[in-house]
Structures are given as C-alpha cells and as structure tokens.
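Below: a set of structures, written as structure tokens.
Okay, so chain A shows up in both of these, paired with chain B first and chain C after.
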Partner chain A sequence: MNGQLEHSMENRQTILDPALRLLGLAEPLASDKDRASLPVALVVTAFAGYWTLFFVMGLSKVSLGALLVSVWFIGLFYLIIRSGKPAVYRRVFFVSIALFFFPSFIANLVAARGSMALSAQDIFANETPYCHIVSTMTVLPWALTRTVIFPGRLTGSYASIYSMLAIWLVASLTLGRGWCAWVCFYGGWDDLFSRARKRALISLEGKEASVRRFSYAMLAFVALASLASLSAVYCVWLCPFKLVTEYPAITGFTGYLATMIFILAFFGLVVVMPALTRKRFQCAAYCPFGALQGLIDGISPFRIRIDTAACIGCGACARVCPVLAIDKALIEAKKAVPHLNCVKCGECVAACPRGAIRLAFRIASAPLVAPAAAITAKADKAPSTSARERRMGAMLAEIVQPRILFATTAFVFGMVISSSFAVRSVGMVIVAVAGLFTGGR
Partner chain B sequence: MRQPGCFFKRHWQGAAGAAIGVFFLIATPLSFINGAVLQKTLEAVLHLRIDPSYSGGEVMAVFRDRARDDVGAGTLEYPLADEFQNGHALDLIKYTVHEPVVDSRNGGFANADRGSYWQVDVLMADRGPACVHLYIDTGGGALGSTQSATSRSELVRFDPAHPWDLFVEIDFKDARAFVENVSKTIHRPLTVFSFSERRGLAVRLPLDIPEVQRVLDGRSTWHYVLVGAYDDYAPGHFMKTQANASLHAGGGSVSSLEPRVYDCLVPRGVNKAKMLSSYDDSSGRLATVEPVEARKGVAPAASDEKRIAALEASAAADAHAANAALLRDIQNKTGLQRAVALFQAGRDAEARAAFTAILATAPEDPRALAYQGALTAKEGGATKNLGAAIRFVNEGFALMDRAVALDQKAGTPFADPLVARGMVAISVPETVFNKSAQGAEDFGAAAAWFEGAGPDFAETCAEMFVDQGIAFERASEAEAAEISFIKAASLDPKKASTILQLVKRGYEE
Partner chain C sequence: MPIEALLLGLSTGTYCVMSCAPYALPLLVAEGSGLRRNAVLVGVFLTGRLVGYLAVGAVLGAVGAYALRYVPPRAEIALAAIGYMVAGAFLILQGISYTGRAHRLCAAVKAGAAGRNAGVLGLASGFSLCPPFVAAAGRVFALSSGSTAGTVGGGLLGLLYFACFFVGTSVFFLPLFGLPFAKRGVEGLRRVARVTMIMLGLYFFFALGIFRLVA
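Let's turn to the complex of A and B:
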C-alpha cells in the first residue's frame, strides 16, 4: 500500500501528469489496468468517432448541440479505452444517456400530445411509446392470442414495436445483458443514485441469492400476470420510470392509485434503495427485462470470466458488483463465471487486485491472456518478420481483445440509441442558457 | 521452429470469438442504418398486430366511397363560410363497422375507456365542419322509423324495408357525438376518438343500450350514412341548401325538397345522384335513401392475385414501349426536353451532361436543377461507400429544395420539381432520411397542379395520388394513404401501373 502511494506520489511530481494520465498519455500507474495502447486507442476511437459523427451530426444535422454531444461521446469513449479506468467512464457515459433521455423524451411527448399524460386517445390510436421492458409482457400473450397486448405503434423508427424488437434482437446477440450497463436509458438513474453515498447504509451481503431470485420471480410474475389479464401489468401498475417518461392521465381512483405506485416505485427503488445499498437495486431485483436479458445472455459472444487460480478470494469484486452477480458463495465455490445477471459493467475487473477478472469471449474455454504480447513475442522470434509487421500484428491482436471489441460495440450501441435524444436535450439546455443571457429575446 | 499461424491454431476459440466480436462491431452500426430492412424482415416473419380492442375491435365491414363526389344529387355547392373552404370536408371516404367488443382490454390502462362497446368509424377526405348522421337498423323490425330523427333536417325518408331504430349524430366540428333510440328514451353523449389528423372520428356505442345489444348475436345491420354541413342552429344540425350558396347555406339546390346531403353511402349498384333525386316536387314526397348492409364475415376487399400478375405484365410492357418511344424521339428533341427524355430513359450520364450544359447558361432553371438533384441522389444509390451515398442524397435534396423554392418564386410553377423530389423521397431509405412525409406533400401539390391543368391530365393526377399514398404508407400514415388511394381510384385510371398499385391494395374491383 505504502509502495503504491510512493509510486503514485512520484508520478504526480508535475502538474501535467494527472491530466496526461487521464488521457492515457503518461506512464500508467501500477493500479491502471485495461488500458489500450495509444495506437489502438486512436484507431478504435477513430472508428467509434466516425459512427458518433455519422449518427449525431449526420442524422441530426450540424448544430452546437450536436457538436457538444459528439465531443462528449467521443471524449468519453477515448477515456473508457485509454484512461485505465473504463468502469468509471462507462458509468459517466451510462448516466449521461439516462440524463439525456428523459428531457428529450418528455419534450417529444409534449410536442406530440401537449402533455406527459397518456390519454385514452393515445391508446385508441395505438400511439403509446413501446420500450424494451414491454417485451417481457407481450411474448406469452402473443403466443396465445397472436396479438400484441400493448397499444403501441407497430412500425416507424421511433419507439415502435418492430424497431424495439429489432434493437432487442441486435442487443441480445451482441451485448446480452450488457444492455443494462451500456445502453438502457433507464438504468443510468440507478447507477447515479447508487453512487450518492460513499458507504452503504444497508448491506445486502448474504442476501444476494434472494435478490437475484426475486428478479426472476418478478419476471415470471409480470409475464404470467400479463398472460392472465391480457394487459401489460408492469406498465399499467408497476413501472418505476413513469415519473420521468409518461404516466396515465388521472381520471379516477385507479389512475390515482397507479400514479401513487409509480411515484413510490421511482423514489423507493431507483433513488432511495440504490443510495442506501450502493447497488443498482431496481436493476438487480426488480426489472423484468434485466432478468430476461440475464436468461438469454448465452447468445452474446462476450462474458466476464474469473481466473480462479489467480483469485485470492478477497471479495473486492463482490463488494463493487452493482447487481450482485458476484457474491461470497460464488468466490468460495471457485466458479469461473459470475451469475447470469452480470451486466458486464467492468466494475469487478477494475476492482480485482490480481487482475484475475477479464472480459472474455464466451466461446473460449480459458481466458485469453495477453495475446498481443504473445503474438509480439512469437513474431519477434520469426526472422522474416519486419518491425512494422510486428507492430501491426500486435495492434491487430490488441484490437480483437474482447474488452476492446465489447467496449466499442457497447459504446456504439448506446451512442446510437441515445444520439438524437442527447442532441435534443443539449439543444434545449443551450436554448435555455441563451434565453437567460438574452432575456428570451 | 513453429510455423506461422500456430498461435491461432492453439487459440482457435479465441480467434473465433474475435471474428464474431469484429463482426458485431461492424454489424451494430450497420443494423441501425439498415433498421428498416431488419424491421421489414421481422414484419415478414412475425406478422404482429395490435390487440384490436384498443382501437375498436375486429373490423366487420368496410365501405369505401368515391372521392370528390360531395355534390349531393349532382349540383350542391359548399357554403361560403371560411371553414368550408379548406378542401373537401364533406366528402365521405370510408365508413367502417367493427364487431362489438365485450370487456375491452383497454381497462388495463387505468385511464382508458373501459367496458363493452360497438364502434363505427367515419373518415372524410379533409378536416372540417361536417355533420354525419348515422341511422342504423339493428333489426328492430316494426319498431323502427322511416322518418328523420329531426324533421326537416336531411330532407330524406328511409327505405321502409329497413326502418332505423338507432340514430347517431357525429359533429366533426367539435369532435363529439350522441346516440338516440327511435323512441327517444335514450339520448347519450358518446365517447369519440379522432384519427388521421381529425379527418376521421370513431364513435363507441355502449353495449348497455338495448338496440345496440342486438349486434351481439352477429346479425346483419343496415346503415344509412348521410353527410351534411354542420350548423348549430339548423334542424338536426344539417345546414340548409338553396339555389345560391351563402355564409349559412349551401348552394346549387334545384328544389326545396332536394336533400341537404352532400355525400352518402349507397349500396352496390345504386346510383347516388339518382337516389338523392328521387324526391317529387309535385306530391311533396322526399327522396328515399337506401342503406348499406354490414354483415359479419364480409371482409375488406382482398386483392386478386391473377389480376395483379396480368397488370404487372401490362405495366412492364407499357414501360418497355414507353422507353422505346422515348429513345426513338430523343433525336428529335433539344435542350431541356432532350435532357428530360434522357433522364426518363435512364441514360444518366448523358442526362447529367445535358442538364449541366443547361445549368451553365441558366443556373436557376428550376426544372434542370430538380432533375440534376434527382440524378445526384440517384448516384448515391449506386455508390457502395455509405458516407458518400448519404452525401450524394443530401446534395440531391439540396438541389431539389432549391429548385422547388425557385419554381414557387417564379409564379407559374411547374410540377416537375415537386415530382422529382417526391420520387426521390419515396426511393431513399426512410429510417435514414425521413423524407416520405415531404414526398407526400410534394405529390399532393403535384396532383393539385395536374388537377388544375384540366381533364386531360386526370391520368397523371391519379398517378400522383397513388405516389402520395405510397409516400404516406412509408410515413406510417395509413388513413392518409387510404384517402390518397381512394382519390386515385375515383379518377378511374387506365394506366396499368396505376391500377396495379390500387388493385394490390384492394382499391379497385
């Protein structure tokens, strides 16, 4: 510990060092892991940056808001890849998605219908925005009745049923439950409030299995209750995010009761419990979509792997896991993979003092250990290989590392989903700030 | 020494994982760009439909009416008040009867209209102050009436074979409706929903009304659908008609007994003008109107596959012949005409050169600019580089936008810039460019242009309405598309390609 501190102090002799380190341009600290080499960071940032500019600027047209959003996203991606603290900047990216989403979504609703309230007219017109969570309620009733029991729009690019199904399909094939840590426009709220306190007031240690079981029970309840009542029960009664999206117009006692539940669910599950437990409580225990993604995570090519031989059983990973996918029992049982509800956020990777946890390809029987170094070493021994070829080989080998591929894919996915929301929200802020200075003229 | 590639042999699983990972890395953004393709594939596989009880229940019967026939017996004119000057607000386009819904699932949403109901929808060509009277014979037999609910309102009498027992008034001006039974023991406001930008209203008749309950056993019902101009102070809210239109009266009436009905549904084989002219001035007998029958099992018109195949062959032959004629005539043409002919013949490189030459001497020629824009956008379609393709299309639209603006400014606009922009709008991917709504607007304006050019252009006008319908379909505006297709069908098109589009959608029988 003292050695680390001294090392750290040495590296902070110049004023510029911290900033350089943040950007990945200074020598890494001993604690820095998961940090791409500069050429690789530049290459993948160029790739992600191209798509960012394509989706943010290309589709939203060039504006100050689009420019700021592009800089924000590209900057964050570079930091995720290069700063050595991918979990931290992933969190910033993820929270920003949630914060970008709600003002823009509400503004869209107000523009379209003059209110956040969902009216009978919207239901008649099948104009209720469809979100990914609804899928958990519509599959079984569809199998039974061949109809979708949700009054949403079928086609169109914005919050339509087919567009969300397409997004769900691609997300499941690529990120699996990584959706819940990189893309979901609700999850950022939990992530934000779970960091509100430095220490947890309520410890969930020893209760992890119960929480996980509850989430699957919740999924089963929501799916079966929707089948039994042929209505989207979670949307109608249980959704904690109505407060920041839309809610039914209160026209009677049932509407009043539902609204009370929505308010309590938001503050209880998204604000208070995450703040008290330092865990993403709503995502871990309550969200049926998260539970479903966990169950089908097997079709994603990426997963977290634990090198059980290197693990010293310190429990740091379990302490930081925001969704209770790693617990003491799992560590003691020397299991090589976290529980199904792992969201691939990378917190455990950053927390492990032995570097025993990595993101890996599911197909690999054992984690790939530094193939870049292996390839370079191999190439070094080959007399016919030029220095340039060796460098290229090492770079390519680093790019195809699962952590780089996953972070890039997940970032691009999250960025695309939130790009138009982000531009609109930032644009609204710019207009508001400009209004302050110009007095609304 | 180990051979090169041993690393991958030993780490084949990792290499395979990397290949999959790289594939998804590339595929993820592309899947969003090609989201429409993915959505279409899902559509083709899943055939999803929303539970119909949210929007009125399964459709029992659909009745389409010709467009532009809002002239009553043949001569009626709209009142002169401003609110009637916006298009064809009294032109009935479609009437839909749903099957009754028992214990609607809308109850799932706490605010929604719960319960059991029977819904009918009325769609007009344009938004405006129409007053629609529905007289329904639900099978009450002798208990029904052949007189209007309010005397001297529509000035019609009803077919004695089908006396009505339920009356519904739908006020399009304020989007409200009420129901009355024949004995007037029931008079209730109804739940009304609007659709297609208030051009359509759906009304829900509660199933606790005894006359409405009769529909539960699936029997036929007979519907008289009469459209008048809304007037707060007129009997039955049907504005009067007289010889000359005024602010508070329609015009063109040739008799004081002529029905005040601008449009109505007629059963197959019945001539509407004849039916509405069946009054008798000498005896004072009112015109007798006949109902349409809504029967369970009468599905909306389906398209005919054999006819579609024949029309496809004719359309292809027509296109081939037209192209051959174009190529023959190109030599005889000069200037803009030649450039346009080259464009239409698909000789893009020559067309581009010709338009460039025209623009060199007349840089603000709106038609040359529009075609040049269309060619630029077309170039985007042929480019494999995605970024370049998008740039080409955007550049093309910029040129066409300029062309349309210049054309409008010129005072005597042509249809070409609008048609060119519309055609490109319905050809480029909607999820990327989102241009279909603008395309629909362009085709609407072009249709108005051809309509104004006289009856010789009726065929082209029908084509414009078909393209407008396609644009609306792409923009997910089903009812607006329906209105466009009905307008096209009402012009009795002869061209195989136009009829083909209509037959495919069930608008031509």
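Let's turn to the complex of A and C:
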C-alpha cells in the first residue's frame, strides 16, 4: 500500500519558475501524482478555456487586454493541471485574481462617483456594491424577516445582492470552503504576503485551535451584531479591504475612527501578520465569510483526505497549511480529514513526502489509489475491449478524478467572479503604456 | 386593545428576536448546557425584558401628550444608547470573567452572576429601539394622548398594552429554551461564545452606546 503511494518528484522547470521563485511563490519540486496526462490536460483546458473566453470575451469587447487575460488564465489552468505543481500555480492564479481586482474596481468607482468614498447619497440610493463577505450579515435578517439590511441593489447589476448570493450558493455547493483558495478576490493578498519571508518570525504552532475559534467568534459576532443593529457591521467598522476597494466618506468622528480601523486591519492582518507568520492570517483568524464557508463545507462533494496508515507524522502538512487546518494534535490523533476551515488549496498534498494526502470525494469509500490506474488495469484484463476503448476509459476515469474536477470547477468560478475585473485592469495598463509611446495623443 | 397589542407582538415578533436575541445568545451558549439551567437563564432574561417593557409602557402611557412638551426629542435615542452601554458593559465583564484571569471587578460581576446578568441584559434589551417596539410605543402614545393623558389610568393602559405586546413577541423566543439540544456535541462552542460575548459587548458599549450618545 505504502509502495503504491510513493510518488516521484523531480525538478521539472516551466517558463514561469524563475519569476515565481523571485516572488516566493514557487516550490522546486513537481510530483507525478499531481500531473494529468497530456490528452486529459488538453481536454479539461479546452473546457476551462471555453468558459474563460466566454466570460472574458463574451461579456466584454474583444480587445488586446481580453486576449492577454485569456492567454494568462488559460495558461495558468493548463499549468495547474499538467505541471505537477498545482499548489504553486493555484497560488499564482489566486494572487493574480486579487491583483487584477482592485485597480479595476477602484477605477470603476472613480469613473462613476469621482471618488473611492461612499457618500450618504450613494448609500441611500442603494448603490453600494455587494461582496460575498456581506452574506454573513444579510442572510439571517433576510431569513427571519425578509429584510435586506445592506444598501445595495437587489438585481440589475453584476454586484447586486441576488446575483452575488446566487454565485455564492452554487459555488458553496460545489467548492465549499474551496472558495477561499480559488475564487475570493481578497484572499490573494494574504496569500501573497504570507510568502514574503522564507521563514516565519512568529510561530502559531500550538495556537491553531485558538485562531480557528477566533474566526468562528468573529462570524458569530458579526451575525449577531448585524441582527441587533440592522446594519452590516463588518462593512461599517471592520473590513480590512476598504483600503483597496471603497470606504464610507469621512464625515465625523466615527468616520475617522472606522477609517483608522480599516487601515490598521489591512496593514496588520493582511500585510504584516501573514508576512510574519507565513500563514494567511486574515483568512484563518478574522474573515467571517471564511468561517461561514467552513461551517457549510459539508455540502461540498470535495474534501481533503489523509491516509492515516501511510502518514508518518512528519508534520510537513501542518507546517505548510496556510489556514491552520492541520495541526500537530490532528496528526497525532490520526484524524483522516483536516479541520473544517480547510480551503482545499492543495499545499498539504504537495508537501506530503508519502503522498498520503489528496483531494477526494466526500462520500468516497474507495482506498486512496489513483482511480485511473485502477480502471485501466481492470480494462486491460477484459479481453473484449479494444485499445481505443481502453484509452478512452482511462481518460474518462482520469477526468472524473476529484482533483481534476475540483480544479476545473474552482477555476471556472474564479473566472465568473474576476475575469471582467482582470480585463479592465489589463486594459488600463495597455492604455497607460500606449500613452507613454504616443505621448497621450 | 389587549388583542391588538398581542397581535402586534405576534406579527412583528421576528423583528424583536432579531434585535433582542443577540443580547442573550452568547451568554446562553457560554453558560452550562443543562436544560434546566438554560431555562432559568432564558426565564430571567425574558423577565428583565418584561420589566423594561412595562416601565416604558407605564411611563409613556402616563405622560402621553405631555411628553412632546417636556421630554427632549433625543431622549429615546439616549435611553436606547444607555441600554446598549449597560448591556455592553455586562457582556464584556461576563466574557472576561470566564477567562479565569478576571480581576476583582469582573469577579464581582461573576459572583452569582450569569443569572443576574441575564436579567440585566433582558432589562437593557427592553429599551432597544427595534421597529416593533417603536410601533408599540407610538400606539400607546396615541391611545393615551386623549382624556387619559397625564393620569394613572393612562399609565395602566400603557402597562397593559406593553404586557400584551410582550406576550405576543415572547412566542418567538421559545426556541431559546431548546438551545442545549443545539449545543450538544459541538466542541469548543462555549469558548467561541465567550469571545463573541466580549466582541459584542465592545460593539454595544462603543458603537451603539457612547458614539450614539455623543453624536
């Protein structure tokens, strides 16, 4: 059994590796167990590429920016599937979503309102864009009284309440808390800064349970305080991402105070703490949406599974887990699944020296052996199947592996949420660069 | 009139739960898990809330139209803010007292404590300006602004109205009695609730209390 789980690792280079190493986003080793065969990689990339092109080019005009964005994301998806380093390229994908999001979002606000600041007039006109984190505050009041406590549009725009809730619901049904490692356009900041240093200056070892509990306390607080005050408390007082999105106009003492909190929260929780701990600290300890996704993760068909028989207890998975979902206590207790807050980023899968961790179907009872190999072996024994049928069978079996299905679904959701922002951001850069050459004419 | 108050409570009770349950929930979750203990705490909380309602009803009913002349326009906001500050302070102290590192003041709050604090929280919630509360207060004000204004009869009318209103809204608090069933087997929930209690206390005390009072 253990022999079957051993896997080869090699220093397979891709064209992006030098740049990734510079940004601290790369690991040197690629693993065959995480590498799709070429036909499967091409098929699923074609599928994901179709949806990328649909959301990039179908919803906006065909342009150089749209073309570059399509090539970038489709290329990244191919590397996630085929390079043998899915964790590394997932990280690049996730960080790019965050970096593409904020210039476009801010530019939109400035174009529409002339400022990043949200005036009382905008609030009364229900023109506040709705983001997924607000769900933690709006769902309970809506369920109890059909009251929407957020001053946003119900329908009629991309960032309207119903459209975001629909995307969130479907994404949660499929990805669960995987949203936090593949789709969220904020989490990339944490991910980026958590790679800023090679070694952690502050170790969170032994404090994992407290950090996890704090995130659930944040969720409970935000939900209850929003119920009590009928306002989106996190947005009004606590959101660390106001600095890179929008903020209420400062009109008095409470406005100043809230703005100070926004600034401190961004630099403290999103920049400094991830850099010092090498963990996605804001996502692990503070974000109420992450906690909510963890609680409802059971509705997702995918989860990380640990083969406790193969596990040698080296702790590599706990060291690399960015959200403290695996810790020493869990390994020692020989538990087969990480804690609820696992974001399915695949870092532990890549780090495990015995290949004892992998993404699996929640209801799967089969042993942790690659199903493609098992099915091919079975097909080989059947004399009536032709070579072509066997190849097709093996390919289909590989496509329906959890890691391929999950990566494809998660990537497409990432595109649904962020592709239009990416196109606008790249478009702005192209216009700026063109302006340099033409002198602004 | 009692039927009207009861129906008002029944028809708007979900809003009451929305604004009043957050006062009690963290305390109930953080405290022991026995059904009886929980029932006592919920009972004390609801009694505190009833006292708050009766006080408001009696005063509004007795003062009636004179309120317009003698009560400052922001008095109700100030009253609600003070209610939030009291609730916030008790939530913070109760939350800190669980850490085991409470100093003398917190220990004093804890001594005998969760039951009494549930009563204080209930009383404070009785002053929160949720939409049904405002509707009931407005109705009492209107009813007692005629011949009964400024009389004991007006006060009794207000008392009766708010008592019936309380009964109507309290139906929606019944699920709180089943909380121990929801808590059973969920690890770490009490610790989470204790942290939540401190956060909520800070929010009540500062954001809904002091800042509204001085704004």
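FYI, the second predicted complex is superposed on the first by the 401 of 441 C-alpha atoms of A that agree within 3 Å, B and C clash if a C-alpha of one lies under 4 Å from a C-alpha of the other, contacts with A are read in each partner's own complex, and residues count from 1 in each chain.
By our rule, a residue touches a chain if its C-beta (ideal position, glycine included) is under 8 Å from a C-beta of that chain, and two chains touch if they have at least 3 such contacts.
Computed from a predicted structure; not experimentally measured.
Once chain A is used to superpose the two complexes, chain B occupies space next to chain C without a clash.
Once chain A of one complex is fitted onto chain A of the other, the partner contacts of A:145 extend to both chain B and chain C.
Counting the residues of chain A touched by each of chain B and chain C gives the higher count for B. Contacts of A:308 after superposition: neither chain B nor chain C is touched.
Shared-chain residue A:213: touches chain C; no touch with chain B. Residue contacts after overlaying the shared chain place A:254 against chain B and chain C alike. When the two structures are aligned on the shared chain, A:409 is found in touch with chain B, with no touch to chain C. In the overlay built on the shared chain, the residue A:386 is in contact with neither chain B nor chain C. In the superposed model, A:229 lies in contact with both chain B and chain C.
When the two complexes are overlaid on their common chain A, residue A:54 makes contact with chain B while staying clear of chain C.
In the superposition on chain A, A:362 makes contact with chain B only, not with chain C. The superposed three-chain arrangement places the nearest Cα atoms of chain B and chain C 6 Å from each other.
Once both structures are placed on chain A, chain A residues 145, 147, 229-230, 233, 252, 254 are touched by chain B and, in the other complex, by chain C.
Remark: chain B residues 1-2, 4, 6-7, 11, 13-14, 16-18, 20-22, 24-25, 27-29, 31-32, 35-36, 38-39, 42-43, 46, 48-52, 54-56, 105-113, 191, 193-195, 202, 387, 390, 430-432, 434, 476 touch chain A in the complex. Residues of chain C touching chain A in their complex: 14-15, 17-23, 25-26, 128, 188, 191-193, 195-196, 199-200, 203-204, 207-208, 211, 214-215.
Considering their complex, residues 140-141, 144-145, 147, 209, 213-214, 216-218, 220-221, 224-225, 227-230, 233, 237, 252-254 of chain A touch chain C. Note for the complex: chain A touches chain B at residues 47, 51, 54-55, 58-59, 117-121, 123-126, 142, 145-157, 160-163, 165-166, 169-170, 173-174, 229-233, 236, 248-252, 254-255, 257-258, 301-302, 360-365, 368, 371, 374-375, 378, 381-382, 400-402, 405-406, 408-409, 412-413, 416.
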